[in-house]
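Both complexes below contain chain A, partnered by chain B and then by chain C.
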Partner chain A sequence: MKIVVCFKTLADYPMLTERDWRVDEQHQVDLAWVRQVYNCYDESALELALQLAHDGPDAAACETTALSIDDSRADLFLRHLYAVQYDRAVRIDCGEEVDLRFNPLAVSLLLASYIREIGGQQLVLIGSEGGMGDNRQTGFLVAERLGWPCIREVIDVVPEESRECLCVTSRREGAVLTQTVGLPLVLVIGNVLRSPYLRVPTLKEKLAGKKKQVLVLSPTDLAIAPDNLSGNDRTLVGLFRQRQDRQCVMLAGENAREKAKTLYHQYLAERLKG
Partner chain B sequence: MKAAMVMHADADILLQAAELNSLLAGPADHLDSLEMWLLYHEKPPENIPRFAYPLAAIRLLQVDAPDVPEAVLHVLQQIQSNRKMDMLLFCSDGLGQELCTRLAYRLGGSSALTVERCLVVDATIAVERPVYGNNLMARIRLELRPYCLSVAKKGKGSPLEATRDTAFFETVNLPPLQIDWLKAWAIEVDEGESALAAAEIVLAVGNGVQSRENMQKMQVVADTLGAEIGASRPVVMSAWSDMNRLIGMSGHILSPRICIAAGVSGAGVFRGGIRNSRFLVAINTDKQAAIFEIADVGIVDDLFAVLFELESIVRKATAQNDAVAAQERQNGD
Partner chain C sequence: MALSREAIVEQLQKIAGPEQVITDEQVLKENSHDRYRKLQSVFGIYALPLPAAVVKLTDVEQVSAVLKFLNENKINCVPRTGGSATEGGLETIVENSVVLDGSGMNRIIKIDADNMLATAQCGVNLEVLENQLRAQGFTTGHSPQSKPLAQMGGLVATRSIGQFSTLYGAIEDMVVGLEAVFPNGQITRIKNVPRRACGPDIRHVIIGNEGALCYITEVTVKMFTYQPENNLFFGYALDNMKTGFAILREIMVTGFRPSIARLYDAEDGAQHGFDQFAEGKCLLIFMTEGPKGISRATGEGIEEIVARYDECRKVNTQIIENWFNHLNWDPSKVQAERDFMRKNLNLGFTTEVSGNWSCINTIYENTIKRIREEFPHAEDLTMLGGHSSHSYQTGTNMYFVYDYNVVNCAMEEELEKYHVPLNAMIVEETLKAGGSMVHHHGIGKYRTPWTKEEHGSAYYILKALKDVFDPNGIMNTGTIYPLK
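And then the complex of A and B:
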C-alpha cells in the first residue's frame, strides 16, 4: 500500500500580538518572521500514517510519502519527516507569485495531479482544517478530483483482519462510525485521540534525515500550466481584524485570596444568581 | 434568485434552521423563492421550523445511506438538475461542510464554509468568514453559480419555532447510488452531548491545568459555582477531559451568562468559542496572554490559588444563604 499525507505548516499564531495583525493593501499579513509549526490536524495525520505503515505486519510492502505545497521553509519539516522514517518527502513549489491562501481548488489540483501522475498512492490522509485561509475544503476536493470516496472527521485507521480493507473510525454528532472500506480512499483527519502527536526521532535518525534530499517539483512538472492555478471560484476582496469590544479590568490585590474576593463581591455574586 | 436550504432530519432541525435563518438576512430581499430540501433516512420529521421567510416548498429526500456523503450527493445532484437553484445553503456540521464543498465542485459553482455573513453586492454574493486561525475576517466574493454556502456554527442560540403545517410537503423519489467500496459499517452512540452547550455558567480550562488530577479538582470548583466544564484542545487531546467538552472553532461555540477562562492562552481558534459570553473572566499567570484582550475582568495569578479561594467563598456564601432560607421557612411555619 502506498500512502501519502498532505500537510501544510502554519505560522504559530499565538506568538502574535494585536499589533502584529497588520493587513497591507494587497490583503497580505507579514508572517515571515513568525516560527512555523505543524498544523495539529496534519501532525495527527502524519503519525497515523506511520503507524498504519510501519507498525502493521505488512511494513515492508508499505511506502509513505509526506507532501506539502510550500516554499523552502517547509524543508526543515520535510527532513524531520525523513527522520521519523517517511520514505519520501516531496514539496511542490509554486513560486511567490501564486496566492493559494483562498484557492483550495488550485491546491487540490496540485495534490491530486501529484498523486495521479507521479506518486501513484492509493490512500491519502489530510488534516481537516488549518492553513491561512482556513478553507476546510482541500481533502474533499482532492477526493472529488480523484473520483475517490472520502471519509471525514477520521479519528483512527487500522488494517482490517483480512488485510484487504481498512477499518476507519470517524466521529459523527454524538456518535462514532466504524466503516470497513476498500482502496483507493481519501481520509480527512480530525481529533485523533489515540496518538495525536508525531513521534520523536532519535538523534541518529535526525542526522540521517538531514542528509536526505527533499524532492522539489514545480506545477509544470505536474503538467499544470500557471493559468490553471489562477482560476478560482472565489475572490478575496477584504481582510480585516475584528474590533474587540471589551476593555479588560485587571483586578489588583496582594494575593490570590484578595483578588478572588474582589472578583466575587464586585463581579460575580449578583451574576451567579442569574 | 432562487435558493434552497439543504437540511437533514437526523440532527436537531430547529437549531439548524436558526443558523440558516440568520444567514438569510443578507440575501433575503433578493430571493424570488426559497425552498427547503430535507434529507431523511427512515421517517421524515413531524415538526418543520417556521422561518422568517416564506417557504415555497419543502421537498423530502430519502437517502438510504445517510452516513455516506456520496449517496447524499448523488441525490442532491439529481434534484438540483431539475430545480436549478442559484444558491444552496448548508448546515454548519461536518456533513453540511462536506456536501457544500463537493456539490459545488460537481456543479461547477462556488463554495465557502463557516460563513458568518452573506451579502449581496452588485448582484453577486459576498461572504464574510474567519480566517488565519480566527484572527482575521475575510470578505470573499463568490464568482460562480450556484453559490454554495455552509453557515458558521452559532452555538445554542434560540431554535426556531416548529410548525406541523405539512401542506407544502412533496416527497421526491430518486434512484439510489450503488456503493461498492463500503464493505461494512456500524455506528455507536459516543459520550453523547455534554450539558456544556446549554450551560449558563462555564469554567473553561486550558493547558495551564497541567494534569488529569488537577482537572478533577477543577470539577469540584465547577460544581460549587454551578458551572459546566469546558476545555481547550491540549486538555482534550491529553484526555484530561472528554472530547464533547472541547471549546473553540473545532468544538463548542458558547454564549453563556458567565465564562471563567483559566489557564488558557487565548488562541484565536479558542477565543471564537467563548467570545460571545456575556461576562468573561480570564485568569492567567502571564499578563501578556491574549485571552485578556477579550475579557471583561482579568486576574494575573495562579489559577489554582484563585479558583480554590473563589470556590471556598462561594461555598460559604451558599451555605449562609441556605441557612437564611431554612430560617425563613421555619419562621414562616
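And then the complex of A and C:
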C-alpha cells in the first residue's frame, strides 16, 4: 500500500498579538518572523499514516510519502518527517507568483496531479481544515479530481486483515461510524483522539533525516501550466481578523475561598451532577 | 513511641481545626510529589508513602503551633506552597509525613511605594503580586518560567531565579525581610532595612532552606519601576557556544546589564523554533530595559560588542520578542505537556548548573560529549542540548535540556533508567570542572549524593544549621541534606 499525507505548516497564530495583524495593500500579513507549526489536523494525519504503515500486518510493503505545497521553509519539516521514518518527502514549489490562499481548486489540482502522475499512491490522508481562512474543500476536491471515494471527519483508521481494505472510523452528525472500505481512498482527518501528536524522532533519526534530500517539484513537473493555477472561482477583496469576544463574569467575594464557593455553586455544581 | 497516623490527624485537627486538615486520598496523592515524577503522575502512579494529612495553613501562630507539635512528636513535615518544584523537594518520602500547605496564606500585606517594598504572605502567587504591582507602575523584577504557578514562600525557599536576573538579580538579591517559623515553634522576623553590618546576613539561613530548616510565612521583596515601553530586543545567530560564552562575558565584564542575556545551542534553540530562522546555529538573545537612555545605551553597547565577532548574524528582533512573550508556563501549558507525555511516552528534563567564565564551556562540551558517548540509552534520546540564561560578572549558568522516549521500561523505572544517570553525568562533569551542581532549582532530594562534595569543607557550616535549627530532623527529611 502506498500512502500519501498532504500537509501544510502554519504560522503559530496563538503567538501573535493584536498589533501583529497588519494587512498590507496586497492583503498579506507579514508572518515571516513567526514560527511555523504543523497544522494540527495534518499532524494527526501524519501520525495515523505512520501507524497504519508500520504497525499493520503489511508493514514491509507499505510506503509513506509526506507532501506539502510550500516554499523552502517547509524543508525543515519534511526532513523532520524523514526522521520519523517517512519514506519520501516531497515539496511542490509554485514560486511567489501564484497565490494559493483561498484557492482549493489550484491546491487540489497540484495534489491530485502529483498522486496521479508521479506518486501512484492508493491512500490519501489530509487534514480536515488548515487554519485561517480555510475552506474545508481541499480533501473533497482531491477525491473528486482522482475519482475516488472520500470519507470525512475520520478519527481512526486501522488495517483490515484483507490487504485491500481498511477499517475507518469517522464522526457523522454526532454519531461514530465504523466501516470497512477498499482502496483507493481519500480520508479527511478530523479530531483524532488516539494519536493526535506526531511521534518524536531520536537524535540518531534526526541526524539521518537531515542527510536526506527533499524532492522539490514545480507545477511544470506535474504537467500543469501556470495559467491553470491562477484561475480561482473567487476573488480576495479584503482580509480582517475575526474577533472572538467572550463574555466574562468577575466573581464577587471577600477572598479566594468565597469566590471558589460561588464558582462551584453557581456554575459547576449542576454540570458536575450531569 | 511514634504516634499513629490516626493520632497525628486527630491532634492536627485539634490544633488547626478539622476543616484545615485534609485526608482525602486524592489530595494526599497529589501532595506526595512534585513535578519531578511528572510521568508517573500522568499515569496515576503514586509510588511514595502518602502523607498522613495536608494541613491548610492560615496564619503564623497556627504554623508555630503545628510545627511545635510535629517537632515534639518527631513527625516529618514537607513545607509546600505553589507545588511547582522540579527536584523532588516536595516528595513525602517518610511514612506519615505531614504536608504543610501555605497556599491559603495568600494575602498581599503591603505595597509600600515610598520605600519600594512589597510584603506578601507565603501563598501569594508571584503573578498575582506582579500584576498588582504593574497596575501601579512597579515590578518585582522576578519572572521565573513558573511565575503563573509558583508562590512567594516556595520561590524564596528554593533560591529561585527569574528571566531578568542579569539586571534585577535572583530572589536572594530581592528579598529584604522575612518571617519564618522554626521547628520548635519559634517565630522569627527579619526586619526590612536597605543594608546593615550587624553580623552575618541571617536572611541567608532562610533563603534557599528548601523547607529543611524552617517554614517561610511572609516575604518582603524590593519593588522596581516598571517601564516596559523602553524594552529593546536583540538576537544573533552564531556558529558555536564558545564564541557565545565569550560574548556574554565581554558584555558582563564591560559593565552592561541587559535584563535578559541568553545563549542557546542549536539543539535547544530548535525547541523554540529558532532553527526556522537560523538552522543549525546557536542563538544569542538580549533584552534591555530600564529608563530609556539606559536601555538604549545598553543595547548599543551590546551591538558594538557583538559586531566585533564575524560569525554573528543579526536576526529579526520580532522573533525574539515573540519568543519572549510566550516563555512562561501556565496551567494550560502544564496540561498540554501532560497530554503529550501520555500519548507519546516522551518527556523532557533539565539540569541547571553554573561555572566561572574559565570553565563554563568545558562543562558544556564535556557533558554533552560524555552523554553522547557513555549514556547507555542514548538511542532513546530525542533531544540533548542546553542554554545559558543567567550571567554574572564572574560566570554564567548552563541549563542542560534533554528529552527521551520511554522505551521498554515500567513507568516506575523511567527516572532510574533515564533522568537519574543523565543528571549524575551533568553534576559530575560540573563539579569536576569546578562549577556548582545546582544553579536555581534547589538540591531537592535527588542531588543530595553530591551535597558534601559541592560544599567541601564549608559543609561544616551547612550541617551546623541543620543540627541547631532542626535537631529532631523533622523538616523535609532527605532534602538538601543526604539521608543518613
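For this structure, a couple of remarks:
The rule we apply is simple: the second predicted complex is superposed on the first by the 238 of 274 C-alpha atoms of A that agree within 3 Å, B and C clash if a C-alpha of one lies under 4 Å from a C-alpha of the other, contacts with A are read in each partner's own complex, and residues count from 1 in each chain.
Operating definition for what follows: a contact is a pair of C-beta atoms (placed from the backbone, for glycine too) under 8 Å apart; a residue touches a chain by one contact, two chains touch by 3 or more.
Note that the structure is predicted; figures quoted are calculated from it, not measured.
When the shared chain is aligned, chain B and chain C each come close enough to touch A:17. In the superposition on chain A, contact is made by A:202 with chain C only, not with chain B. When both complexes are overlaid on chain A, the residue A:215 reaches neither chain B nor chain C.
Of the two partner chains placed by superposition, chain B and chain C are both touched by A:256. Within the superposed three-chain arrangement, the count of touched residues of chain A is higher for B, of the candidates chain B and chain C. Shared-chain residue A:98: touches no atom of chain B or chain C. Common to the chain B and chain C contact sets on chain A are residues 16-17, 196, 256-257.
Listed in rising order, the residues of chain A touching chain C in the complex are 12, 15-17, 32-37, 73, 76, 195-197, 199-204, 206, 256-257. Residues 104, 106, 272-273, 275-277, 279, 316, 318-319, 322, 325-326, 340, 343-344, 346, 378-384, 403, 405 of chain C touch chain A in their complex. Those residues of chain A that touch chain B in the complex are listed here as 10, 13-14, 16-18, 21, 23, 29, 40, 101-102, 105, 129, 132-137, 140-141, 143-144, 149-150, 152-153, 165, 171-182, 185, 190-191, 193, 196, 232-242, 244, 246, 248-251, 255-257, 259-261, 263-264, 267-269, 271-272, 274. Residue ranges of chain B in contact with chain A, taken from their complex: 10-11, 67, 69-70, 93-94, 97-98, 101-102, 104-106, 109-114, 126, 129-144, 179-193, 200-201, 225-226, 233, 236-237, 239, 243-244, 246, 249-250, 257-258, 265-268, 279-282, 287-288, 290, 292-302, 305-307, 309-310, 313-314, 317.
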